[in-house]
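Mind looking over this structure? Questions follow.
So that you can tell them apart, the chains are marked A, B, C, D and E in the order they are listed, and the count of residues begins at 1 in each.
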Amino acid sequence: QTVKIGIITTYSGPTAGQGDQLDKGFKLYLKLNGNKLPPGVKVEPIFRDDTGANPDAAKRIAQELIVRDKVQFLTGVVWTPNAAAIAPLTAEAKVPFVIANAAGWNIPRMSKYVARVSHTLPQSAYPLGKWAAKKFKRVYTVVSDFAPGQEAEDAFIKGFKESGGEIVGSARVPLATTDFIPYMQRVKDAKPDAIFAFNPGGKQATAQMKAYADLGLKKAGIKYIGTGDITADEELQNMGDAALGVITVHHYSAAGDRPANKAFVAAYKKEYGEKMNPGYMAAVAWDAMDLIFHCIREEKGKMDPDKTMEIIRNYKNPDSPRGPIQIDPETRDIVQNEYLREVRKVDGKLANVELEVIETQYKDPWKEFNKPK
Amino acid sequence: MQDFLSSLVMVAFHGLAYGMILYLISVGLSVTMGLMGFVNLAHGVFAMAGGYMMLSAMSRLDVPFPLAIVIAFCAVALASMVLERFLYSRLYSAGELEQVLFTIGLIFMSVAVARLVYGPLPQPVHIPGYLKGQLHFLGRDFPTYRVFLIVFSVSLVALLWFGVERTRWGAMVRATVDYRAMAQSVGINTSRLFTLTFALGSGLAALGGALGAEIIAVEPTYPFEHLVFFLIVVAVGGLGSLRGPFVAALLIGVADTACKYWIPEFGAFFIYIATIAVLLLRPEGLFGKAT
Amino acid sequence: MTHAGGYIADARIRAAEWLPWVFAALCYFAAPSYLTLGSYILTMIIFALSLDLILGYGGIITLGHSAYFGTGAYVAGILALRLTGEPLLGLLAGTLGAGLLGLFTGLVILRTRGLALLMLTLAITSLCYEVANRATRLTGGADGLGGFSIRPILGLFSFDMFGKTAYLYCLVILFASWWLVRRLVYSPFGASLTGVRENNVRMHAIGAPVYQRRVVAYTISAALAGLAGALLTQTTQFVGLNVLGFELSGELIVMLVLGGVGRIYGAFVGPLVYLVAQDYLAKRFPEYWYFGIGAMLVLVVMFARGGILGIIDAGIARLRRGS
Amino acid sequence: MSAMSELLRLTGVCAGYGPTVVLEDIEFALAERGSLAVLGRNGVGKTTLLATIMGHTTLHGGAIEFRGKSLARVPVYERSKLGMGFVPQGRWIFPSLTVEENLTVAERPGPWTLRRVYDLFPRLAERRSNMGNQISGGEQQMLAIGRALMGNPALLLMDEPLEGLAPIIVDAILAVMQRLIREESLTVVLVEQSARLALEVTEQAMVLSRGQVVYAGPSAGLLADPERLSALIVAQ
Amino acid sequence: MPAALETRRLCKSFGALMVADQISFRLESGARHALIGPNGAGKTTFVNMLTGRFSPTSGAILLGGEDVTALGQLARVKRGLARTFQINTLFRNVSVVDNVAFAVAEREGVARRMFRPAGSYHAVVDESMALLDTLGLAQDARAVVAGLPYGKQRLVEIAVALGLRPRVLLLDEPAAGVPTSESHRILDVLDALPKDMSILIIEHDMDLVFRFAQRITVLAQGAVFLEGTPAEIAADKRVREVYLGERHV
């Protein structure tokens, strides 16, 4: 009995770094747990490259995986538009689709066969907004100008304003920007108490952090806060000391001191090198694969899509690297803890140290606000 | 008013610094594409190589920053000579479409190689302590590294101007592009001239890639991602001129910064609208020669 | 086998020209699980044909043809989402929309040539991209535009998951496009495009309205690109921002030049070879397939001028000389 | 003709473009201070002959010697440095260089300087900062000749250098040419459409037909026998 | 009767350089007129203004009595004005017959047609072939222009202009690059042109000029220096000084 898993991530193009995180998480899981299956059941992963935010390619690949390779699972997908293009297909073909990143809040609604183990942006930005209102009066928001940025901005502002904060300005930065200086200068001139940032991580995160430092915003007493993307673990070491003291809310940190996470990080470093830190996407990919394996074990390798979805809807893992997680049976979206973190030095290296659990077993708030009529 | 003035100063400064980075990286392209007439879309490959060379030299060999820059320049210039001899030189007489195909092929290959060697993530840059922090003058803070970039680029443009535009060398390259056979007939060793010129262009790209690494992250897809900007600088500046790209980079840098600062909603549109406007009014670019 | 028009060219369809169609039909039966890739290739062939018209015959180098492809794609998508999922209407709307954009932009930019024109096309695409990114309400922005369905073609053939209908649909549209482009190339208009490409100064001197010819050609080409875009929307039932990206334009040029420029069938061979190679390599080496594609391009340029068809020509010529 | 003063010798030269052979078995020798007129109808290979001496074509057989040294492996630019100057048919003025740059780019030390070229062609001095393609056809021709002179050649290869020039300029150039041959030991190979003109100013003449030499001998002989001349040239 | 072509006080300068200085000139209909003058006198520039390639700084151009100064090249061609170029300006990678057919097709207004194959416009093809035949180029009709010897290319240059069936033909050094022994071919061609076609020829080949022209205008430094019959020009001392030199004509 062989169960085929179609894995679609981004291996080439400017966002290959993010696909790489997913890839590493998947492969690590497969390497360590690939044999923990009922006797006679094997798993065959098929890795495919969608080259970035390229929905038609993603859809084509998914279609081929379904039609030609006859996969029983689809997973991966960094990009929301790619996931959105694939989702209708999964309904038609009845192939469970476990999203390991694409965070557009609306995706799971598109098909009954979609479940998501990653996150949505409101899930971290909204509680951060509520928290920030307790600490700061005036906040400036700077987000990347694409859908996730807009979602993060909306959610943060909603949370922040509801709790009495004042937004002194908002800027949206084109996605291709390498130089954040003009935007950060604007922030500096507005003299807010804090700046809320969202960017797609990677070099954008570093560039914004550098601009924050170079312009002396920190010296001017402007606090830097945001979703976990701005201090993603895989990129954090590139940012230098400028990042110290940055506050973020997110569902995963490589510095988390849960035993499950320690084991995960240790395994990751062993596999990919001492210098490598798993980012949140690697952790999610790990969980996604765990979920799939869970299903395979439950069904003993004889996969039935509807049964699989049933299992997925009731999936709970008290011991994921990011703490306890579960799938919300109603929305098929993730329920997880959100942590308040601060960048500090641990053993001479920068780390997102978890300060507190800001929300426990937290659902995506946005679906609550936008309930289908 | 005070506020406005001080933001004016900051916009001018940051715009200048940003423009200088654009210039540093693009000036090499105005040598290979502008002077030599080779549609070298793979220009970014040499810039990327320069960045990687510098970073490797610093992190693996513990070479100090200035030396690492020199190494990057020399290594890339040398490597590009080999490439020129074996590959590029065969395509001077080919059509521009063939050159496009070839250089895109080169980009593809180099992207894969860079990924294999350095992985998909951007490389961390550690500039030396004396270039970190801020310089304080005019009652304002100016990031030291950007001040350094400005000074460096201005010296470079002066050097290039006297070294290239004012000597017979530039004329010889242009003559070779016009009529290669005739250029040889007046005693120009065209293949050696082109090899050296190409090496200079690539070396300059490497210099730009290395010095700009702090601001424009070095990663495998670098040659693709910034191509549009290099092309814009060269086209707006005007082919065949070395001052053109300088002025163009400067204008683009300052105007782009100003636009992002004052009307951030249009941040993404500005550069394209400006390009369209300039090229409609002056198709040959700001400093290009009308033909 | 070049297809240059002109007044002494033989415009009759040669036997070999039926080969692609036979091949395409064979593929339908021989490789049923590759039909989605097949549809995509057919779509890109239409797109490449549209580029060949202005690049190969008109001598206009553009890095911005995706502006029209993308416009066609979005028009078809928005139409399907808001008004009707009728496919032929969608194709028509996409074609017209892109043609109009082609006309307006062409009127503005075609007064220039060379690098300036290249950069103008590039800037226009980038602008369109940013506009689409911003106009979230209409286009869905970076999340893409989905959630629409396309009605059965002529009310008879509905799109299936295996891509059978889509493949045949694309094939029929490609056939129509090919026929059109071929007529155009061999027509006096096509000949005069050659004249514009060959010698602009002389063309003016014989009283040809050069600018007007270029605009007309550009508009037709843009409309054809829009048709391809609309086709992509309908066969994938989703539109992403990447259809407007300059990367797509670049890839298109690569495909066309790889096949061979200014010879109609270069637009067939190029996308086929490029996309099949990409599909194969990306499967084998998801991280490094770029290298293989790059090496292929470099080798083709090194060993022949005129792309793959140029190599074939050279080979045939050698055989003839040998015998 | 002593071997000492021999400047150029072609023996059994076959040459052409790529695989196609245009010239067959060309033989001639030219002494220092010599002058040779090359005549023939359109397309017989006159241009190809000059291009072959300069090194622009593919040499399929035979030998070219310059000052007794074989040129077989000498690249074009070295030939220029050895003392060969070239005025190509069609002028090949560098359009992206100014008039003055067109001259200086070819400059090599010797009696010919920018000054002297400007003295010879005052029009060029007036147009010194025009681009190469912004001057009249005749001015381009002057520039092509001036450019060749700037290299201070010992052997001047001129392919229809008088085309498009006003008669008075033609006279001036021919006079200068003859003076140079006499006084500065220049050697000239001249391709010229007007056979009479060419024969008047040269010592030797050669008539080509379909890539082969059909006449080689003193110019005066042909000049005196117009009948024979037209028979030679028209014969194809 | 209005002149076929006339200019009134035509001026043109490139920057500080005055290339046309108040040129008032008449080309009578059916005339065989030559324009000569030193290199750089402004002859080509004058032709370029007549055809509309350059616009004059001031002055007026009249074609058959109609002021065409403000019209573009296209409109002037439509009114029967055609030219050849001093330096070959042909469709080099195209067959000889296509070179001519492009012009014929433009004249006939078929060049914008998009559906029928070009080859099916037999009138265009036949006319082009016939034209080539009269110029002795019939054998080369299918050859690509770039492969022809220069002299033949000069003839193609003329053929393309004739393909427009002009009423006024401007020839810029048609014999340049053609051996003297063969320039009679060009002369024959010109002689055979319809008598009502008005022709202005620029040439430095004095044999040709004096055999062909009925009137000659001498241009020097952008201004009309002298105009007269060939005999008058040949006899004029100043013309010898600035242009002809001591050559016998």
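Structural remarks
In the analysis below, a residue touches a chain if its C-beta (ideal position, glycine included) is under 8 Å from a C-beta of that chain, and two chains touch if they have at least 3 such contacts.
Nothing here was measured: the structure is a model prediction, and the numbers come from that model.
Separation of chain A from chain D in touch steps, taking the shortest path, is 2.
The fewest steps needed to get from chain B to chain D, moving only between touching chains, is 1.
Across C-E and D-E, the chain pair carrying more C-beta contacts is C-E.
Of all chains, E has its CA centroid at the greatest distance from the CA centroid of chain B. With centres defined by CA atoms alone, the chain at the far end from chain C is D. Chain B and chain C, compared by their mean Cα positions, are separated by 32 Å.
If you average the Cα atoms of chain A and of chain B, the two centres end up 35 Å apart. Note on chain placement: the centre of chain C and the centre of chain D lie 51 Å apart, centres being C-alpha means. Multi-chain contact residues, meaning those touching two or more other chains, occur in chain A at positions 12, 16, 145, 174. Annotation for chain E: no residues touch two or more other chains. Listed by label, the pairs of touching chains are A-B, A-C, B-C, B-D, C-E, D-E.
Contacts from chain C toward chain A in the complex involve residues 33-34, 36-37, 40, 130, 133-134, 136, 140-144, 146-147, 161-163, 232, 236-243, 282-283, 286-287, 289-290.
Taken together, the chain C residues at the contact with chain B in this complex read 55, 61, 108-109, 111-120, 122-124, 126-127, 130, 133, 246-247, 250, 253-254, 257-258, 261, 287-291, 293-298, 300-302, 305, 307.
Those residues of chain E that touch chain C in the shared complex are 51, 53, 73-74, 76-78, 82-83, 85, 89-95, 97-98, 101-103, 105-107, 110-121, 124-125, 128, 141-142, 160, 163-164. Interface residues of chain B, counted against chain C in their complex, comprise 87, 90-91, 94-98, 100-102, 104-113, 115-116, 224, 228, 231-232, 235-236, 239, 268-269, 272-273, 275-276, 279-280, 283-285. Chain D makes touch with chain E in their complex at residues 40-43, 89-90, 123, 127, 134-139, 141-142, 160, 163-172, 193-196, 230, 233-234.
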